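Common to both upcoming complexes is chain A, partnered first by chain B, then by chain C.
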Partner chain A sequence: MKKYFSIYKMTLLENIQYLSNLFFNFITFTLTIYIFLCLWQYMYKDPSNLIEGYDLTQMIWYVLITECMWYGNRNKSLMESMSNDIKSGSIAYNLNKPYSYLIFMIAKHFGEITLKFIFYFIISIILGFIFVGPLDNFAFAMLPLIIISMILGVIINSLIRIVISLLSFWIEDSTPFHWIYDKLILVIGTLFPVELFPLFLQPIIKCSPIFVVNYGPAKLFIDFSFASFRTIFVAQIIYVILIVILATIIYRKGVKKLNVNGG
Partner chain B sequence: MLTVVKKEFKSCFLAVKYNIMREMLNPVTFVTNVLFMILNNASFIIQWLILYSLQDSIGGYSFKQVMLLWALAATTYGISHIIFHNAYRLSDLITDGKLDSYIVQPKNILLNVITSSTSISAIGDLLYGIIIAILIGLNWEEWLLFIFFSITGAIITTALAVISGSTSFFIIKGDMIASNVNNLLVHFSTYPEGIFNRTIKFIFYTIFPISYIVYMPIRIISKFNLGLTIIVSLVTILTIYLSFAIFNKGLKRYSSSNLMSARI
Partner chain C sequence: MNAIEVKKLSKTFKVKTKEKGFKGSIKSIIHPKYREIKAVNNISFNVEKGEILAFIGPNGAGKSTTIKMLTGILYPTRGEVHVMGIDPAKERKKLAYKIGTVFGQKEQLWTHLTPYDNFKFFGAIYDLDEKTVEKRIAELVSIFELDEFLNTPVRNLSLGQRIRCEIAASLIHKPDILFLDEPTIGLDPVVKEKIRTLIKRLNKEQKTTIFLTSHDVGDIEKLCKRIIIVNNGKIVMDDSMENLKYHYLNKKIIEVKLNTTINIKDEEGIEVLKAKEHNLKISVDTSKRNISDIIDLIGTDKLIDMNISNEPLENIITEIYKSTK
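And then the complex of A and B:
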């Protein structure tokens, strides 16, 4: 594990050199949040209204946390680099090296997103205070548990992206599958909580990755309870185990299928 | 003059035709990209269905008008990225010093640069816009206006991409400005105008002219207004002029990276 930690550390240090890029991304993030603020302020004509049990402040904080988890985890390594490595055949250079390509990519990915995630988290907190003020009855003491759930959400999201990128072993370009996954998370998971969906859809969404990637951690942030933490945490652990098994199987099968021309 | 314009148009048409033919060499990837982009855009219908289950009108727009907004935004984006996809890469081409191969050709440099690549997924956007426009049942007058404003919108969007991309001639982080402008254009143009406050609306009608791409056209398609149509047309001409002027001014500051590359 030491070598993977070194990869993580090196990528992290490399990313510190490009901190200024993050500040430019901050503009798009802030204005995206601003659009959602305008939209929800319009929907809550009277701020004391409740929509499916959520007030305006909770709704905006929900959007902030889910968007922070989405923006903070967007990265070219898992979406483009992996697919390109497989497509171009340059993955062959990694296969004969004394490390696992999958863990190498995970370490690199986390090296790239650590700063980004912390940055978006801090920006989200600041924007939340500016736009709608603090959450009532926020469980400060439970913040470590909420952060654990958020980190697990990021890990599951990254693992799902790896599985999608590994499809490049069979289809040349896995990007369209990333779009669909992205939109699933964005449309169903970030703009509003699951409770706003029709009743018959809610159990399906609660079994989908949206529950463990976005909804769960954001729900804990705005309305923490031990019962929901237990449910979300157990679901997240099950998802991690299942996706790791799936990624390993797909990777092993894909590598056997790989056919690279010399050049 | 007319012959020159005709030649430039023919050259652009051929460039786009060959770009698409090149992308179609792999039919599976081509079809997947187009179909999945249609699905990708269609997923947002869920978002609006949920929001309209809470209220009948959002920002003064009915569900049908929001769908029209999406149809116009998608066709606008589609046309722009099919014909002028390289306008969105202009910043990188300038920063990497890759304009050399375009400069030496006896064609208009800006048109030559921006028409030299096509986004295949944008065909999905264009088709999605047309499908939605068919589903909401536009009449023939509305169709004519829809096609007209899709073209003006695509021109304004491309011109803004050229202007923001050309900032790379003048400043180092121009690529960041260009990517922010292009992202925000997509984000803002898919939400009803009425949810934004007066300050934001003022920005949309002045320095960041989204209103002329989608909001004003939606108003005109819903209820025809000749005055507003002329305004949109004038803004389109103005943005074309500005994009050429800024690009040509920036080009004088361009320095090659002596990079040996081939345009395939």
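And then the complex of A and C:
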């Protein structure tokens, strides 16, 4: 594991040099949140109203947490570099090193998103306090459990993106699949809680990655209960195991069929 | 003892073929057609420990495919490979600790970091402890003379400095074999010479086996004692550099400066390459004609200056490539 920690550390060091870029992203993020704030304020004519059990403060905090997890985990370079590595054959230069390419990419990805994620998390908290104030009855004592669930959400999201990138072994370009997944998470996972969708759609969404990637951790943040933590945590662990198995199978099959021509 | 053993190695690629135009594109989706390309075709060779071997050939000859099979990147279609007694296809990671690779056209260093940080990172990748890494870095810094720019980010280094760091990084774990794929590509003659000297020193001092592919004849001539030439996936020559020169260096190039113009025509063993006013350039096959024949033909009284040289290795290799097409 020491070597993967080194990879993580190296990427983190590299990313510190681009810290100023994060500042510009702050403007986009704040604007997005402000638009949602206006939208929800319009829908909640009276702030004491409840929509499907959520009051305005909870709704805004839900959007903040899901958006933070979406923005904080966006990593174009991971998707592009994996797809390009496979398509161009550069993956070959990683295969003759004594590490697993898959874990290498995961370590690199986390090295790239750590600062970003912390940054968005802090900004989200500040914006939440400025726009709607603190959450009533926030379970401070449960914060470690909420953070575990958020980290698991980020891990699952990253693993799904890696699986999609691995499809490049068979298809010319995995970008459209990334686009579909990204938009699915954005539209269904970040804008509204699952309870706002039609009843027949809710069980489907609850089985989809959206439940474990965005909805689950955000739900725990705004309305923590041990029962929901148990359900979400178990679902997240099952997802992690399944996706790791899937990624390993796809990767092994892909490497065997790898055609790297010329040099 | 052999560092590399290759027996009847073959690699076949399946390549999708597509007919022309839009119709062809649709057809290739519904009924994809493939053709097989034999990139490497039944080759066998051994490399002894401590040897410097040139593995050369024209583009598309199968050199890189062979290297990739030797380093475990590609799975052979048929045949056997053993590198330091390890089957690369079965134990790629185990092999990684015993080999180092440098691809002149591909950066493996992290460009935003300094060579020192990169070496530390590579040390961690190869499971070396802090003390060993520091000691090894000091050794490599001395061999490759990296002192001056050890703490400068790689992106700010010149190509020559970067290549030296690339080679040093690939040696951090003291590999038994170093695979060099065009290590001097794009370098100026002075830096090329420096890299060659360093590679020679490495081979001599650390007994590292060097497996080199290069299109640069200077690399081959100055570094290697043995040469394997591949073309169309097959080995067309496996010989010592001495033998290659001995067999192919029957041809001599004679350049003469005369005090008058004379007319010499091509005949068996003699070929006029260039004739301009009082200067002549003639190629002589010494297995058929003696140098003295040429002098007689010209006449000593007409000679002002004369230079006899061997056929350049580049020409010899080009001829071998052409004759084995």
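Observations on the model:
Please note the rule applied: the second predicted complex is superposed on the first by the 262 of 263 C-alpha atoms of A that agree within 3 Å, B and C clash if a C-alpha of one lies under 4 Å from a C-alpha of the other, contacts with A are read in each partner's own complex, and residues count from 1 in each chain.
Simple rule for what comes next: a residue touches a chain if its C-beta (ideal position, glycine included) is under 8 Å from a C-beta of that chain, and two chains touch if they have at least 3 such contacts.
All values derive from a computational prediction rather than experimental measurement.
After superposition on the shared chain, chain A has more residues touched by B, the comparison being chain B against chain C. Contacts of A:Lys2 after superposition on the shared chain: chain C is touched, whereas chain B is not. Once the two complexes are overlaid on the shared chain, A:Met43 sits against chain B while remaining clear of chain C. Touch criterion met: A:Leu31 reaches chain B, while chain C stays clear of it. Once the two complexes are overlaid on the shared chain, A:Phe197 sits against chain B while remaining clear of chain C. Looking at the shared chain after the overlay, A:Lys183 reaches chain B, while chain C stays out of its contact range. Of the two partner chains placed by the overlay, only chain C lies in contact with A:Lys256; chain B stays clear of it. After overlaying the two complexes on the shared chain, residue contacts for A:Ser90 are found with chain C alone; chain B is out of touch.
Looking at the complex, you find that chain B touches chain A at residues 26, 28-29, 32-33, 35-37, 39-40, 43-44, 46-47, 50-51, 54-55, 58-59, 121, 173, 176-177, 179-180, 183-184, 187-188, 191, 194-197, 200. Residue ranges of chain A in contact with chain C, taken from their complex: 2-3, 6-7, 10, 13-14, 17, 90, 92-93, 95-99, 256, 258-263. Contact residues on chain C toward chain A in their complex (touch as defined above): 13-15, 39, 59-60, 63-65, 67-68, 71-75, 92-93, 95-97, 99, 101, 103, 105-106, 108, 110, 112-113, 117, 121, 124-127, 181, 213. Contact residues on chain A toward chain B in their complex (touch as defined above): 20-21, 24-25, 27-28, 31-32, 35, 38-39, 41-43, 51, 171-173, 175-177, 179-180, 183-184, 187-188, 191-192, 196-197.
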